[in-house]
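Take this structure first; my questions come after.
By written order: A, B, C and D. Residues from 1 in each chain.
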Amino acid sequence: MTNGWVDIKNTDMMLIMGGNPAENHPCGFKWAIEAKRNRNAKMIVVDPRFTRTASVADLFCQIRAGADIAFLGGVIRYAIENNRIAKDYLLNYTNAAFIVKDGFKLPEADGVFSGFDAKSQTYEKSSWNYAGGDASGKPVPEAHATVAHPSNGAPPPAPALPEKVAYDFSLQNPNCVFQLLKKHYSRYTPEMVERITGIPKDQFEKAADLFTSVRKNGDMKKAATIIYAVGWTHHTFGTQIIRTAAMLQLLLGNVGRAGGGVNALRGHSNIQGATDMAGIFDNLPGYLKVPTPADISFEAWAKRVTPKPAKPGKWDSFNYWGNTPKFAVSFLKAMYGDAATKQNDWAFEYLPKVDRNYSWVYLWDNMYNGILKGLFAFGMNGVAIGPDSRKNIEALKKADWLVVGEIYPDETSEFWKSPGITTDEMKRIQTTVYRLPCAGFAEKDGTFTNSARWLQWKNAALPMPGDCRLDQAIVAQIFLKVRELYKKDPGKFPDPVLKLTWNYTDPSNPSLAEVLKEINGKTFVDAEDPATKVQLKAGQQVPGFAWLKDDGTTACGNWIYCGSYTEAGNLTARRDAGDPSGLGIHQNWAWSWPANRRVLYNRASCDGDGKPWDPTRRQVWWNESTQKWVGNDVPDFKVDSKPKDHMGPFIMNPEGVGRIFAPLGAFADGPFPEFYEPIESPIDNPLHPQQTHNPVVKRFKTPDDKYGTPKDGYTVVCTTYRLTEHYHYWTKNNPMNVQLVPEPFVEIPVEMAEEMGLRGGEKLKVSSVRGSYIAKAMVTKRIKQMMIDGKKTYQIGIPIHWGYRGIAEDEGKTALTPANLLSPTVVDPNAYTPEFKGFLVKVERA
Amino acid sequence: MNPTRRDFFKITTVGGAAAAVFGFDLKPAFAQLRTLKIARASETRSTCPYCSVSCGVIIYTIGDRAKNVTPQVVHVEGDPDHPINRGTLCPKGASLEQDILNERRLLKPQVRRPGGTDWEDISWDDALNEIAAKVKKTRDDTFIERDAAGHTVNRCESIAWTGGCTDTNEFNYLVVKSMRALGVVHLENQARV
Amino acid sequence: MSTSEQIIPHGHVLRYALKERLTHWVAAVAYLYLLATGLAFWSPWLFWVAVILGGAPVSRMLHPWAGLIFFAAVWNMYVMWAPQMKHTDVDKAWWKAVRYYSTNQDDKMPPAGRYNAGQKFLFWGFFWSAVALLATGVVLWFPEYIPWNLRFLRYISVLIHPAAALFTVGLFLIHVYMGVFAERGAFGSVIRGDVSIAFAKRYHPGWYKEIVGQSSTPRK
Amino acid sequence: MSQATLRVQKISGHAGSVPGEDTQREYTVCKLIDTTTCIGCKACEVACMEWNDLPFGETVFDNTYQTMPETRWNYWNLILFNEHVREEDGSLMWLMRKNQCMHCAEPGCLAACPADGAIIQYTNGIVDFQQANCIGCGYCITGCPFDIPKMNPKTHRVFKCTLCTDRVSEGLEPACIKSCPTGCLHFGTKDDMLDLAGKRAKQLREHSHFPNAGVYDPPGVGGTGVIYVLHDATKPEIYGGLPKDPHVPWTVKLWKGPLKWLGNVAMVGGLIGLFVHYLRYGPKAREEEDINPGGKP
């Protein structure tokens, strides 16, 4: 979330789409209701189903799963056509006026942007760049720099953003971002939106009018928010849906403002933290980009991943990622301590280099193909989570070993006795499976990072039952035992294992508070802040990431968490609920990254002079007398940057402004989002039938990877989701939740049930080309039959919560078919998230 | 709690005098005292492990943390001080007591041997020793020091870590440290999906 | 039972056979229990009765069972006596003269058979009340199983059950009064089974004539 | 509203005066349920189960999100789900209504109950079942116009929502109220809740295209300790059969009112009448006459 949960109460308008917060985040959703109750805020819900969120909405549109870009693109078009845009914001805080260089082509005709290579299914993105400008902003011809091919076979240096960008503040230049945007979305007419999304034209226009009404007559006081969740990410164009929303919010000037923003509601308690901490292959903690083999030295890596400012000449840009080397060195110092020195490149060679995709579905594919031999699954039920549970089970059969850390028996640890496996087959499965009993949440302390980026310390309430062990103790003990083995027998490249810092008071059961201190970071030498004259002694905790150095005198496990555990103590455990501004900032409750800022980009909540757009919702402002940015929130900005210096509020972008056009390699599939059909879609893409799907999305090739088409009889659009009564594959072990919703079901439209002669409660079988799912039918008016591109189309919905181990499962009350037997292995090219939503199935009586 | 302190009415009905004669208690208590079950329980502030709202919860356990008591949960309720949930909980958060006190919890390490048709119990020591040996062997067998182009990669593609959604930041950090040190690149998390 | 066997020595006639007496007392005991517990549920002022009878929950539990026993006894009476309880012309005349009956001028009464019209009324009153009490009693026994859309059954039952019970209370009071206080000998008849010939002649001349007509020789 | 001395103002099946009546300054407590902001999440259902430690039961999927068809003796708080098509514009509404004991000011259950102290009403308005005093007759089930009291078939005791007397008496809100994520549940004095409900209904009429929005506080049972804000107060039936004009069934009133007095008078009158009759007329014949008949057989 750019903003926070409580901040939603400040909004005037909500677009909830690709998310169902009433069901999946009920306690956060209260703030949406508060906005309705206290501000008469309006709520628009766009969803494939009439959800519990829709039940309290002012306007509901039933959309076909996966058609979101068409809807949002249509709203962008509507906003431009009707001049419902935030002109000043757009000019000063976004790249709308930037001029894109010649050679860039929109996908109007053929469905692909310039630079597409059909054979490799990738883009050559050098044309996705700004034109360089002179002092007045006029484009200057590109210098034909001779690209030297390094003799060692490394690729040529990646194209970079121009240091000074050409611009046109009149927004008239046909190559300026605004004009390109207008042109790009001019095709997303209400008629086209209706054809793609199935939302009747008049209803779409009602929604577009209502949402953009916050900028009626150029008024800047009101704020609108967009709230989404995995309904957007679970697509082969998921990242681009979110970008469309971000662009719309930039267009309307809603980002950075109380009650505004683009708000991702993460689905689980600490996946925000896991992302921050880089529990994923392609990042290091704090969103540092992982080194590739071509990064032959620390310096080469740092150079590649450290951007340079790129902006109109007379503007300023903080370009905060310019500090990347400080964060990177401090991270390596935290990892390897004294073993990381300037002389040995900060132990850079200890870091594994990544030039391939090792993400979730590739992991299973690699296991399936025998590359991956051993898997640790700690609280991660890969079989049930899918996609394509069958393929994941097949993959596990081929693994050598599997270590599961869990609190309940789950599908993954018992893959070898999944339904359909005979005793004979079981005897042939050679995988060794260890199932280790872990601690439940109440038995552990530590921090979770919520969707609003708050790190909150929790306390252990009671001892673990039975022979359970703390997760951190298990990992520490495994690691220490491995290290012992390497001490005895060096094997392969033992250094990183032997030299990793592990100097916790109890190494075999590290105290999490101690670990958090390490994450926060400390200085090895006495230090002083030149501006404030604050001094630190060697060995003290650093108070913030501004103190981090690239000379090896500081260590920090994760720079964005720097400031969470300082000499003042564990700030994540703070419990002062005070909120003097009444904006729900709660500055002294727990701790929020970065630097305890509660609303990101909050500089954008002020006009060019540093005055809040809405004086009743004052977040930060420029204090003329102290010549500083001050406020109720921590300014997400350089505190002494005068408004007249025109520093952009989006300090993490080298441009300093919000990207309506995303240049170069920011995204794999285009600088503007374009609507593509899900990989399994009932129709050809009405925008460009010859390019129906996202052109850079690749299909997998194992025999278990199959993709269905309407021609094969798969004509029904299927979406999967969670229920408010259940939590993923966890509460099926909880008798209370099982009582609330005892059995799996499939929601189908009344019209479809009538056609099939099916009554609610009767069993049906949903089949995709990959597998079948059997459950009872819930016949409902809440999913209506739709007209998609003139074709009668049905959508159905499947809650995901059941598998083959659980209370109902063990009592024989379900068909033991995990919902993800149906979903395809295919991923978003940017975030590598599988397309769990909007695949094709057929439906029969069971 | 002392009932007399509460001043509930207990009234003798007609025929009270008959009580002695017939041996029945003819004095029904009109308001039977229901005591507040958490009155002297210990409170521990925690965070709900389910969605990303991260509601504050209070876990009530028996005992006052005195040495001779093994705490057991008696109730879980929202933390009214928490700025986001303000004491509220959803149906999952409200049922956390059943998550803590759950008879389906795994209580001992188990192993399923190759070709096995059932779980076998295993001691922690044996389990961890075996796992460590497998990690080392797998890593040593498949470790890639250089790629085809001759660049140093120092990675181990044959071991994967998949982390759950309820792992704490500190735990994740320990995982990142230890796995990256082993050269593990298949490092994934619920965060992806 | 043949009427000839009803003449017994020492100036007595057998009025109630053992089976009849047993049935009567089963009904009576059940009724007394039902009355006591029923009254306890009827009025808070009598709730103590239930307490004394083993506690109100026990009373609530046993009341329906006692009701079943009562009904079974009444049903048995119906089987035994229904033919004798037919309304006759004599009964019509009896009702016309009922004020003489109630003022102890029995000589002015038409000759009643084995049962006079008042007794027949008592019988039918008890019988139909028992039917109504059973029907509504079953509803009240298991109110939780009456579905919400049939709730009118509960509504009428709570009214009819006590109303019918009250009616029986009236009958019962008169019955006891007549049997114990007004007609000396009646009580003994339902204990020992016999009544004196005088009793028979006085109160049930029609019946006495019938017996005597059948057999004039008392059995040894 | 302190409940430090939770006093009783009405007692079921009780002879004589009620000691707590008129003895205390006391506010009536009230639960406000704003159906227009209820998302049917069932947190209140769970909070109720957990707080009261009620045993879990079996449920079966029944083509609805509703947990079970109706409340149970061990499930006091149930959200009713109804898909409703608005007549005005054909748009769909998904109505959710938390169903539980309404804590009527004039409770039909209490009126119908014969057991001394099995149902009591505190001076703060809470109607509470005292299972220790309950005799299992089930008359409360008949007396209730909302179909709330439910019998435990095994113990033959009737149960329902207690409005968390144990919490309220300690100054806490009921468990369901505390849990409600959207704040559609609210707790306070009856006056404050009526005020809040009225304002919310007004807001709905003025800002949300619900011209018939209103407050449900049925006078037929003297008002309730649980009040609703409804999108359409003219049609409470669409919310899973919320009765439009609930009242204690007239047969129950008749039974507990006129019939009772009539019956009492008749019974006592009958006894007196018979006694007087005996005094006046005596037995029909002397006892001896009957035993020693004048004539020979």
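Rule of thumb we're sticking to: a contact is a pair of C-beta atoms (placed from the backbone, for glycine too) under 8 Å apart; a residue touches a chain by one contact, two chains touch by 3 or more.
Since this is a predicted model, take the numbers as computed values, not measurements.
Looking at A-B and A-D side by side, the one with more C-beta contacts is A-B. In this view the innermost chain, defined by its CA centroid being closest to the centroid of all protein CA atoms, is B. One inter-chain figure worth recording: subunit A and subunit B are separated by 27 Å, centre to centre, where each centre is the mean of the chain's CA atoms. Each chain gets a centre from the mean of its Cα atoms; for subunit A and subunit C, those two points are 85 Å apart.
Averaged C-alpha coordinates give centres for subunit A and subunit D that are 50 Å from one another. Between subunit B and subunit C, the centres computed from C-alpha atoms are 69 Å apart.
Residue positions of subunit D with contacts to 2 or more other chains are 14-16, 41-43, 45-46, 49-50, 116, 181, 183. Multi-chain contact residues of subunit B (touching two or more other chains): 13-14, 78, 85, 88-91, 93, 95, 98. Along subunit A, residues 26-27, 30, 724-725, 735-736, 740 each make contact with two or more other chains.
Against subunit C, the residues of subunit D that register as touching in their complex are 13-16, 70, 112, 114-116, 134-139, 141-142, 147, 150-151, 153, 156, 249-252, 254-255, 259-260, 262-264, 266-267, 270-271, 274, 277-278, 281-287, 289-297.
Listed in rising order, the residues of subunit B touching subunit A in the complex are 44-56, 59, 61, 70-73, 78, 81-86, 88-93, 95-96, 98-100, 102, 104-117, 119, 122, 124, 127-136, 138-140, 142-143, 145, 147, 149-178, 180-193. In the complex of the two chains, the subunit B residues touching subunit D come out as 6-9, 11, 13-14, 28-32, 34-37, 39, 75-78, 80, 85, 87-91, 93-95, 97-98. The touching residues of subunit C, when paired with subunit D in their complex, are 7, 10-12, 40-45, 47, 50, 56-57, 59-61, 102-104, 106, 140, 142-144, 148, 151, 154-159, 162-163, 166, 169-170, 173-174, 177, 181-185, 195-199, 202-203, 218.
Within the complex, the subunit D residues that touch subunit B are 4-8, 11, 14-16, 19-20, 41-43, 45-47, 49-51, 53, 116-117, 120, 122, 128, 130-133, 162, 165-167, 169-170, 172, 175, 178-181, 183.
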